[in-house]
Amino acid sequence: MKRITTLLTGAATLTVVALGAQAETKVAHVPGGPHPFFADWEPASIAAKEDFNLGAADYKFPQKWELNLQNDLLESLVTQGYNAFAIHPGDPVGSVPTLNELVGTGAPVIAVSACVNDPSDVSFCLASDAGASAYTGTKHLIEAMGPGTRKIAHFTGWLVEPNTQLRIDGVAKAAAEAGVEIVQVIADIDAPEPAEEKIGAYLAAHGSEIDGVITTAWVPAVVASNAMRRIGDKRIKMVAIDHDEVVMNAIRDGFVVGSMLQNPYGQAYVAAFAADKLLNGCEVSADAPFTSHPLTERFIDSGAPYVDASNVDTRADVDRAMTEELIRKVEADFLSCN
Amino acid sequence: MARLISQSDWATPMIVAVSLGVLISLFNPAFLSTFNIQVLLEAVSINVLIALSQMVIIAIGQMNLSVGALGGLAAVIFAGLMEVFGLPPIVAGALALGVGLAGGFLNGLLIGLTGISAFVITLATLSIFKGLNLAITQAQPFYEIPDAVKHFGNATLFGPFPIIFVPAALIVVLLVVFFNRLPVGRWLLAVGGNAHSAELSGISTAKTVVIAHAISGFLAACAGVLLVARLQLGQPTIGDDWLIMSFAAPIIGGAILAGGHVSTVATVFGVLIVAQITQALVLFHIDPFFVQVVLGLMILAAVSVNQWRELRMQRAGQE
Amino acid sequence: MSLVTSDARKPVRGPELMRLLLTNEFGLLLLIVVFGALFYSVSSGFLSSFNLNSMSRAAAINVMIGFSMMAVIATGGLSLAVGAIGVCSAMVCGWLLQEIGLPWPYALVAAIATGAALGAINGMIEVKTRLHSFIVTLATMSLFFGIMIFLTQAQTYRGIPASFVSFGRMKVMGLSATLGPTLVVAVALIVLYNFTRVGKEMLAAGAKPQAAMLSGVRVGRMIVLAHAISGGLAAIAALLLVARNGAAIPSMAGQQGQDWLLIAFLGPVLGGAVLTGGKISVVGAFLGAVLVTVLSNGLLLMQIGDFWLQATLGATLLLAVLLDLARRKFLERRAQ
Amino acid sequence: MSKIAFETRSVSKFFPGVKALQGVSMQMRGGSIHALLGENGAGKSTLIKLITGVYRPDEGQLFAGAEPVNFTRPHDAIAAGVGVVHQERNLIPRFSVAENMALSQLADRTIAPIDYAALNEQAEPWLDMLGLDVEPATQVSRLSVAQMQMVEIAKALSQQTRVLLLDEPTASLTPMESKALFDVLHRLRDDGVSMLFVSHKLEEVKEICDTVSVLRDGVNAGENIAMDNLERQDLIRLMIGREQNDAKPRHGRSGEQSVALELKDVSTSLGHKGINLEVKRHEIVGLYGLVGAGRTELAKAIMGAAAITEGEVLRDGQTVEIDNPTDALHGHRIGYVSENRKDEGLILEHSVLENAGITIWRKSANRLGWLTGASVKKRTVPFLEKLAVKTPSLNQTVGNLSGGNQQKIAMAKWLAAGVKVLIVDEPTVGIDVKSKAYLHELLHELANDGTAVLLITSDLPEMISLADRILVMDEFVIKGDVKNTGDYKTMSQSVMEHIHHTEDELRRAKAS
């Protein structure tokens, strides 16, 4: 831990020396690929440019969800003159060398909405804890199902994505604690066609045997919400993830109990703020109160607010309050500026 | 009758598909539940269009890599026109199908006029179509799908028959007629079987190629539009995963990649085989980490049975 | 008259030069230069040492992936499983390094052998069942990738020696050191297909299996061998990616390794390989992959609206192919 | 004399660097059969392509009757009543006989549904007329080569053809089938159809044609000459510009030689039963039979491409098991020149050197498998030169060469490999007179030098002029063994007796 902090401080210092305090900040927000989850990143980057008086804050995304494409894009952005990065890493390990390379050019890099594995040169990771969020979501589901012997199914994303494993573990942990049986995990369905086919087939054959559904990836949440609406009897309880309109509407209409949010807008906005600070003389505090995370020891939990029918319509307020709280916390506790 | 079955090119895929169904339902009677059949038919309805869209191109001995990109483009155009311009579904749908037709037409024109391999051309247009999709959607789904369209994509006609089964079945019937009865359909097979002699008989290869690609584009667009109705949203990722599926079903159905021989009915059974395998994996609680392995083995098994029978028939024919 | 040797040796400069200018390889080179100049004039960063390094590294991997597909195309088949085989081999390498603690040279050899073995399995299934390689590799793609995911539980191996990782970042004369293995493989393939019996027999088997068989070529063996070579090359490509990423990651080639497919076909096909087999060009495949890399890198730099990038890439690709066609038509007409 | 049905007046056609035709004139008259002769490369195919609208002439004019015509595409020619039976197969294998025949009708329509019953009905009379006993609904891929040829003729005739071009129509037909074809052609002539007949078999040309035009190097070497006044030698002189003698029948010296290849009671997985056969060194053994008699299949079984299920194969007196052609070539020095040049004999898209060298790569490579062009050339060029292969360079794609040159290359690769037993399957199909004579001489020479040759051919004159003994095969069984006396009449009689005999048996068997 100490070694890492030293390294990090060194990198940050280098940055300052190399570029001087006058450098105009050009932040690039780079997601792993095109995905509706990042819809709020673009307005967030525009707002950040205004609010923090940045030289540029642009949302740039790889044309496909492919690690190599993201790496190519990041390298190209350096060539284009960007000097600060807020990145959703395509892979927690595979992205590290490229991110280190970016740091090597003097640019601060913040992992946003997903973390990279230690050791790495990124300043810190700003995200919701995927495992914890899945755990809490499952808790909410268990609560909604009420007492008795209960069985649930878990629909999740690509197995090759490491967060998937964290989520599977999180769900399993919550279920084990409450004595709930997970009868089926269906994975590799974070694309509309396979999700539709497999979720449909599963509910058709085994729908009567389960009491609850937890989804921990965007597309399965959307497809399963539609399926719940279609079944219509609201017997099976479901907790979703993220803020797709379909999911929100299903919550409003009572087909879905609630959803675990990740506040992508706030994450991107705050990351731009921190990156600018880091480029212009600030460092990550030596005694920053990082929380623990399976991947990294420099993790800032952006929270995983839970929405249900009661607060679904005021979701924007929830997000805004959280963003403000987060920015205050980052500035006060995690950055030290001279 | 027995002779008819044993000699027609769709017999083996049919036998495989039916026995697979029987096998699955023996182990899990829920497979034959109304709801499950409905889900199966929904999956088949759309996948059939994807597979046929590729099959039309296989018929002329080419490949169309842009099937998914074009279908996806049509899908988001359909959804986008309804959400952004508030067009009625019929108009939006017609325009989306028109885009598919035009995109396919463009493919065909480029291939027919330049003589560059279809593989290269459709690879390039794949990028163009997908790029247009991203440019239109900015990677965000369109959500405002009218209820009528949602209903169309999710309701059943009677029993387990979903409404979207109707257009799929209609297209299958049309294609069967097209390839077996219409001169223009025979052009495709003639060009695929022996382009030189087709040309000598006065069939224009370039024209045939354009027609085939236009049809392919149209079918891909149909699949895209139906998928929007079924998913109830215009996902920009629609079509990304179609390619492999689009080839697998026609080939399981016995289509020859070199061209000149395709069977619409066999392709339908090919789709059914793949859909049943996918369903079985879910039904039997296969460990998610093991799903891929089983899928690979089952595809191999399904085609091996087909191959084995074909070889036997060949041998029998020789004696 | 028996022409045989006399005409061939006549020093006819004009037609010789013309033939060279008409080659596909020359066309690709020309396109690379033209587009390179265009990109440089728009963004001087294009030839900056940072960009040259990242571009050459991407090219090294893309070329290798293309070679892997080309080896199978030579026999008239195709392999959808190149990505899956590559990832499996990389994971074997990662496992041997991290869990077994094998010295890295052994791990590399083992990984390449794994790739070759998996490729050979494809070849053997194809020969034994007489199924089209498309369908065989469609199934084995799922199979190999599935077994890998099952065994590794999708975990990443990051115990990669520092020397190996630093190789991924090393620069030689401004270009990435990863081009080294790619160039070595390219030379080896040129030798294989032009100066060895096995290479020639593979091409003959691909062009006309029946004729090759009756001329004493063991067609089945050649098909298995071609798949094995393809698997080995896929493994090398994956190892280059491991060096770049500093870890063996199951998702490095996307779901079932499908992310590799387009680039795998693009290089050889642009390079003039005939998909029905028997005709390939190593240099062409190399230049084809480089052209694609240059185009995608250059377009990124031109800062075309993000959302239009892919469409522009496709259109540029189309333009490149059409320009090449026009060039050849023009030269042919002049030659008359 | 009857009216002119079709005429080419001083037509020329140029390709980049090549004058394919220059100032060629020819008149075809109604109710007559006009022969078009010339060596391969003389311009016959180009002329046919001009007449059928595939190419357009660069100079000169075509006339249908007295009308000048300009065909821009094949369809125009068909519409003007010009039909053609091309040398290469031009049928769609997966289509039925009737549909293939009606293909050009289908090209005119788009969406009016096809009435297959009507097509079948339409096809029936033409098939009957040719005496072709197949259902119109049969898929073409199920037919024999000869039947496909007849279907092509039926197809051309069915298109209201008044001018019919036949490019090597008998190349793959047996004498009996050819005979049947000639009857049909005579009947058509009596009906007033004008026909152009292209063939390398001069006996046929003499027998059936009324007039002849000869091309040599793209120009007229003879124009509309009446056949009556011409002898075979005259035709050859016109074609090649000098006299040429046919190969004389051999007088084998093989009596006392050792047996190089022997089959004892061999049965194969392809259906051969109890085959006994021996070929001595210095000997040419002919294997005669109709198309489909099982000759090619037997050759492939000997080569190891099909399994031998019973009996034994002896090579130089030793029992051997040949598992595959690699084994046959490298282990036992047996070679096979395929009848199917396009698919089995050569790799058309590869170069001359690659094709000629394929059998000796293994020999030429060093221990590391390294192979240089020079070492392959050293072993192949002498044979290519000996066979007088005409090619602009060794890197030329074989597919661009004439059929004769292709066949020479297919032969050269086995000579280069130095095989001791050579199976030659239909070596001269579709090959011009000069190349044919060359190949005949070569086979003689080979046998004289000690090679054991098994010759498969359907061309009886060729068989009689080459073979020492003739085995007759029918229905995958050897029916007779005839010593070649060299006399065509008696030989053809005794050979045919064996086959007719079996046909009678067959008929009796069916009747009972």
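The first chain written gets the first letter, and so on, giving A, B, C and D; residue counts start at 1 in each chain.
Operating definition for what follows: a contact is a pair of C-beta atoms (placed from the backbone, for glycine too) under 8 Å apart; a residue touches a chain by one contact, two chains touch by 3 or more.
As the structure is a prediction and not an experimental result, all values here were calculated from the model.
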Relative to subunit A, chain with the most remote C-alpha centre: D
Pair joined by the larger number of C-beta contacts - B-D, C-D: C-D
Geometric centre distance via CA averages, subunit D-subunit C, whole Å: 43
Averaged-CA centre spacing for the pair subunit C and subunit A, given as whole angstrom: 35
Chain centre separation in whole Å, for subunit D relative to subunit A (CA means): 73
Of all residues in subunit C, the ones touching two or more other chains: 149, 153-154, 309-310, 313
Where subunit B touches two or more other chains at once, by residue number: 130-131, 134, 138-139, 289, 291-292
Chain-chain contacts as defined at top: A-B, A-C, B-C, B-D, C-D
Contact set on subunit D toward subunit B in their complex: 52, 54, 73-75, 78, 84, 86, 88-95, 99, 103-104, 106-114, 270-271
Contact footprint of subunit C on subunit A as seen in their complex: 59-61, 63-68, 71-73, 75-76, 78-81, 91-98, 101, 105, 117, 158-162, 164-165, 188
Complex contacts: residues of subunit C adjacent to subunit D: 1-5, 7-8, 195-198, 200-201, 203-204, 207-208, 210-218, 274, 278-279, 332, 335-336
Subunit A - residues contacting subunit B, complex: 34-36, 38-39, 42, 61, 63, 159, 183-188, 191-194, 196-198, 200-207, 219, 222-223, 226, 230, 244-246
Parts of subunit D lying in touch with subunit C, wherever the complex brings them together: 16-17, 300, 303, 305, 324-326, 328-330, 336, 338, 343-350, 354, 357-359, 361-362, 364-365, 368-372, 381, 384-385, 388-395, 413, 417
